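Take a look at these structures.
First chain A sits with chain B, and in the next complex the same chain sits with chain C.
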Partner chain A sequence: MNQSLRNLLKEWFAKAKHYLRAIWLENLKEWKIELTYKPDFIRGLIDPLVYALPYLLYGIALVGGRTSENLNRLVGTNDLITFVTLGYIFVGFLNMALWAMGFALRKEQHWGTLEAVFAAPVPRWVFALGMALHSTLHQGLMIFLQIIVINLIFKLTIHPQGILPSLVVIGLMLIALYGFGLMIASLTLILKQGWLVSEALSGIMMIITPIAYPLSVLPVFMQKAALFLPTTYGVMTVRHFLIGEQMGFSLWTSFLRLVILGIFWVGVGMLIFEIIDRRTRRSGTIAHY
Partner chain B sequence: MGYAIEVNNVIKKFKRGSGLKKREIVAVNNATFEINEGEIFGLLGPNGAGKTTLVRCIATLLIPDSGTIKIMGKDVLKYPLFCRRQIGLLTSGERTLYWKLSAKDNLKFFAALYGLDKKETEKRIDYLMELLGLKEVQNERVEKYSSGMKQKVSLARALIHDPKVLLLDEPTLGLDPQFARFLRDFIKNVLNRQERKTILLTTHYMDEADELCSRIAFINQGRIVDCKTPEEYKRDLPHSEVLEIKTTLITNAKELEENLSKIPTIEKVNITTQNTITHFKIILPRAEQVLSDVISEVQKYAKILAIDVNEPTLEDVFIYITGRRLTEDTKEELELE
Partner chain C sequence: MNFKAQLRIVISEFQKSIKIWLAYPILLVFWVIAPLMWLLPFIFQGKALVGGMHSEAFKNLTGSPNYLPFVLIGAMVSTYIFSGLWGVGNSLREETYWGTLEYIIASPASPILVLLGKTLAEFLYASVNVGLQALLATLFLGLNLTITKILPVLVIVLLLVIGFYGFAIAFAGLTLLIKEAHGWVHTIEWVFYLFSPIRYPVEVSPITKTLSALIPLTYALVAIRTIILLNKNLGDLHKIIFILLIMDIVLLLGGYIIFRLSERRTKVAGTLGQY
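Showing the complex of A and B:
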C-alpha cells in the first residue's frame, strides 16, 4: 500500500470516527435533556399504550372476540389483536419521523443553539443522523414497553423465527422514514407553523398505511397511493413474518421496493434539506424562531 | 505571517416585508479588510451597522450575495468544514447553550461536533474550566448560572477545539461592568498574548475597541468607512478638541444644529436627546476661540446645564467620519440584528 493511499485511509477513518462520535453525542445530549423533564418523559412512554388500547377494545367489541373470520379471509390470519398491535407499532415509527426527528431543528432554534451547532465542522447530515438515532431509540423504547404491556393483557401469538427478518424490514423502512424526517426538519426552518405539514402528512400516512385493517379494504386509489409509502411494506411484511399475513406481492418485491423507497425518500429529504439550508443561509433566517 | 481572515468586496442584502411593502436592505456594502495572524481586529459601529451580519458570513452561517471571504487562506464557501474548524464563535446573548445540561455536558457535546476524542475532550474541559474559574460549578445545570457565568461557558465552548481564529460578536453586551472587565483582560492577556489567537471583535463600546484592538474598522450602514490603528484615528483628527454641552428645554434642535455648523472652525456637530436632556458634541480645532459664540447661540434655544472641553476619543473620531454616534441605531437597521 503506497503512502498516499495510507494517508487517505487514515484521513477517512479519522473523519468516520469524528462523525460517529458526533452522532452518538447528539443522541446522548437529547436523552439527557429529555430526562430533565421526567413527568413528560413518563407520559411519553405511556402515550402509545393509551392510544392503542381503544383500537383493540373497539375491535373486540365489534367482532365479538379476538378472532375474526373476515380478517382471516382477507389476509390469512384471524388474530385481530396481534394484527392491530403489530400495525400500531408503525404509528410509533411514523411519529418518530414526522414529529420527533422532524422537529429536532425547530427545538434547537427555540433553545437558541442552532447557530452554534451549524457553525461546527460537521456536515448537516451528521447532525440529522444524530437526531434520527435518538428518535429511533426513544421510539424503540416506547414500542418495547407497549408490546410488553399489551402482551401481558392479551397474550400475543407470533412466529418467533420471524423476529430477525422483521427487524431487517424495519431497518430498511426506517431509512426511508429518515428521508421524511429530514424533509420535515428542514421545512420547520422556513415555515412558522411547520407542525401543520407534520399533522397533514401523518394524518394521510396513517390512513393509507394499513395499520389496523388490511390494504384491500382501502379504496383502489388509496391502495395505489399506499404503494409509495415505506410504512405499507414495513407493516405488511413484518406481519407476514410474524403472523403470516398474505401480502398480495412477494417478499422479494417487498424488499426491493423498500430499498428503492429508501433511496428515493432519503434522496428527496437530503435534497430539500440542502435547498432549504442554503435558502436560510441566504435569507439570514437560520436562527429565527 | 499571512492573513488569518480576508474579506473582499462582500455584499449582503436582505429582503424584508411582504407584498407591496417588500424592500431590500443592504446589510453589508462592499466590505473589504484583512486581519493578520495573531492580531485583535475591531469592527466598531452602532447597533445595526452590519457587524453581526459580517461575522455570520465569516462563520459560514450566511452566504454573501457577492465577494469572497477566506479563513487561513481558504475560501469559506468552497471549504466550509475546514474554515469552521479554524473558527471559534462567541455571540452575545445567553441563549446559545443548552440550559438543561451542565457546563461540562455542553462542552462534551460541542467537543464531539468539533472532532475531539474522549481524552482530548476531558483535557480541554479541565483546562478551560480551570482557566475560567468554573471548575466548582461545571456539573451544575447552566440554567442556574448568572449571565456572566453563562457567557464564560459560551466562551469555553468557542475555545473547546483550540481554534486559531476567534469571532467575538459583542462579547460584553449586557454583562455587568466587573465581568466585562474580566472578559476584556482575558481576551487581551490570555487569548491574544499567551495563546496568540487571531481575534475579530465586534463592539459598539469604543473603550473596549480602543483598549483591545491593534486595528479598528469603522462600519456604518454596512460600509467599512475607515480602517486604522486607534492612535492613527486620533492623530488624524486635525488638532481637534471636543466641546461637550449638556442642555435642557431645547426648542428647535435642528435649527440650532444648522446655526452651530455655520460658526467658523466648527468641523462637526452631533446632537442626541434622551428624555429631556440634549447632548451636543462639537468637534473643532480650539474650543476657546469660539466658546462665547457657541454659548450665546445655544442659549437662544435651550438652557445650558454643563459645558466641558475634552480630548477626542474614538467615538468622536467616529462622529467626525460618519456624523453618527456609536450608540445610535435606526429601526430599519435593527431588523437585521
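Showing the complex of A and C:
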C-alpha cells in the first residue's frame, strides 16, 4: 500500500470517527433533554399502547371475538389481535421518520440553537442521523413496552424463530425511513409550519400501509401507491415471519424491494436535504420562523 | 367593570381568534378532511375482518349492523371535543409562545372572559368544520342525515360542549402551572379515543364500559347515534339529557374553580413568565 493511499484511508477513518462521535453526542443530547421532563417521558412511553387499543377493541366488536374467518381467507391467519398488534408496531417507525426526524431541525429552531448547530464542523446530515439514532432507540423502547403489555392482556401467538429475520427486515426498512425522514426534516426549513406536511403525510401513509388490514382490501390505486413505501414490505414481511401472513409476493422480492427502496429514499432524502440546505443559506432564511 | 365592557372583551377576543384562523385558510381545509381521512383505516379494517359493511356482532353491541355511520358520527362529534381541547385548553400555552400571556393576565380584563371569547370562536370554527364534514359524509359516504334529525342533534351537541368547555377552561388553568402541556393534550385526546365510543362500541369490554360512564362524550355519542341511526327523538332520551345537564353544571363550576385556583397559585409562585 503506498503512502498516499494510507494517508487517504487514515483521513477517511478520522473523519468517520468524528462523524460517529457527533451522531452519538446528538443522540445523548436528545436523551438528556427528554429525561429532563420525566412525567412527559413516561407519558410518551404509554402513548403507543393507548393508540393501539382502540384498533384492537374495534376489531373485537366487529367479529365478536379475536378470530376472523374473513381475515383467514385473505391472509391465512385468523388471529386479529396478533395481526393488528404487529401491524401497529410500524406506526411507531412511521412516527419516527415523520415526526421525530422530520421535526429535528424545526425543534432546534424553536430552541434558538439551529444556527449554532449548522455552524458546527460536521455536515448537516450527520446531525439528522444523530436524531435518527435517538428516535430509533426511543421508538424501540416504546414498542418493546407496547408488545409486553398487549401480550399480558391478550396473549399474542407468534413463531419465535421468525424474530431474528424480522429484525433484519426492520433494519432494512429503517434505512429507507431514515432517507424519508431526512427529506421531511429539510422541508421544514422552507415550509416552516411543516407540521401540516407531516400530519398530511402521516395520515396518507397510515392509510396505505397495511397496518390493521391486508393490502388486498385497499382500492387498486392505493395498493399501487403502497408499493413505494418501505413500511408496506416491512409490516407484511414481519407478519409473514411471525404469524405466516400470505404476502402475494416472495420473500426474495420483499428483501430486494426493501434494498431498492432504501437506496432510493436515502438518495432522494440526501439530495433534497442538500438542495434545500443550500437554498435556505443563499436566501438567508434559516433564522426565519 | 360593567356588562358592556365585559361583552366587548369577549367580542374582541372572539374577533382576534377568528382573524388568526382566517390567516391560515389551508388549516380549515385540512381540519375538514383530516378527521374523515383518519376514518379510512377503520373502514378498511372492517372490510378485512367481516368482508363487508355489516356485522351481526356489531349490531348486538350497538343496535345497528352498519359500522360506517357509527365511526363517521364518532369522528364528527369528537371534532368539537378535540378543537375545544386544543383551542381552549391549550390556548393560554399558545399565548405563552406568542409572548402575549403576561399582557392578558396583567390587564384589568378577567382571563375567564378572554377564555370565553376563545371558546365562542372555537365553537364557531368547529361547527363550520363539522357542517362541512356532515355535507361530505351525506353526499359521498351515504350518511342519512335529514333536516328533522339536525335540531335534536344540535341540542345534544350543545349539552356536550357546554360541559366540555368547562373542562377545557380548567385545563387551560392547569397549563399555567404545568407549562409543557402539548404531550398531555395528546394523552387526554387518546383517553377519549380509548374510553368513549368515538371509534368502537365501549360495551365490548367491561372496563371501557365502566370508565366511559364518567365521560360526557359517551352519553352525547350514544344519544346522537340513537337519533340518527335508530330514528329516535329527544323524548326517548330524557335520561341521557338529564345526565348531560348534571355533568354540565359540575364541569362548568369545577372548571371555573380550578382555573381560578391555578391562576392564583401561578401568580403567587411568580412563574407566569416561565416556560
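Structural remarks
Convention: the second predicted complex is superposed on the first by the 289 of 289 C-alpha atoms of A that agree within 3 Å, B and C clash if a C-alpha of one lies under 4 Å from a C-alpha of the other, contacts with A are read in each partner's own complex, and residues count from 1 in each chain.
In this section, a contact is a pair of C-beta atoms (placed from the backbone, for glycine too) under 8 Å apart; a residue touches a chain by one contact, two chains touch by 3 or more.
Remember, predicted model here, so these are calculated numbers, not experimental data.
In the superposition on chain A, contact of A:F228 is made with neither chain B nor chain C.
By the touch criterion defined above, A:Y58 lies against chain C but remains apart from chain B after alignment on the C-alpha atoms of chain A.
Touch criterion met: A:L25 reaches chain B, while chain C stays clear of it. Shared-chain residue A:I33: touches chain B; no touch with chain C. Of the two partner chains placed around the shared chain by superposition, chain C is the only one that A:L218 touches, whereas chain B remains out of contact.
Once the two complexes are overlaid on the shared chain, A:K17 sits against chain B while remaining clear of chain C. Look at A:W111: by the touch rule set out above, it reaches chain B but stays clear of chain C. Contacts of chain A with chain B, set against its contacts with chain C after fitting on chain A, overlap at residues 37. If you check the complex, the residues on chain A that touch chain C are 37, 40, 43-44, 46-47, 50-51, 53-55, 57-65, 68, 70-71, 73-74, 80, 84, 193, 196, 199-200, 203-204, 206-207, 211-214, 217-218. Against chain B, the residues of chain A that register as touching in their complex are 14, 17-18, 21-22, 24-26, 28-29, 32-33, 36-37, 111-113, 115-123, 127, 278, 281-284, 286. Only residues 12, 14-15, 27, 53, 56, 59-63, 65, 80-82, 84-85, 87, 89, 91, 93, 95-101, 105, 108-110, 112-115, 117, 141, 157, 336 of chain B touch chain A when the two sit together in their complex. Chain C makes touch with chain A in their complex at residues 24, 26-27, 30, 34, 37-38, 40-42, 44-51, 55-58, 60-61, 67, 180, 183-184, 186-187, 190-191, 193-194, 198-201, 204-205, 208.
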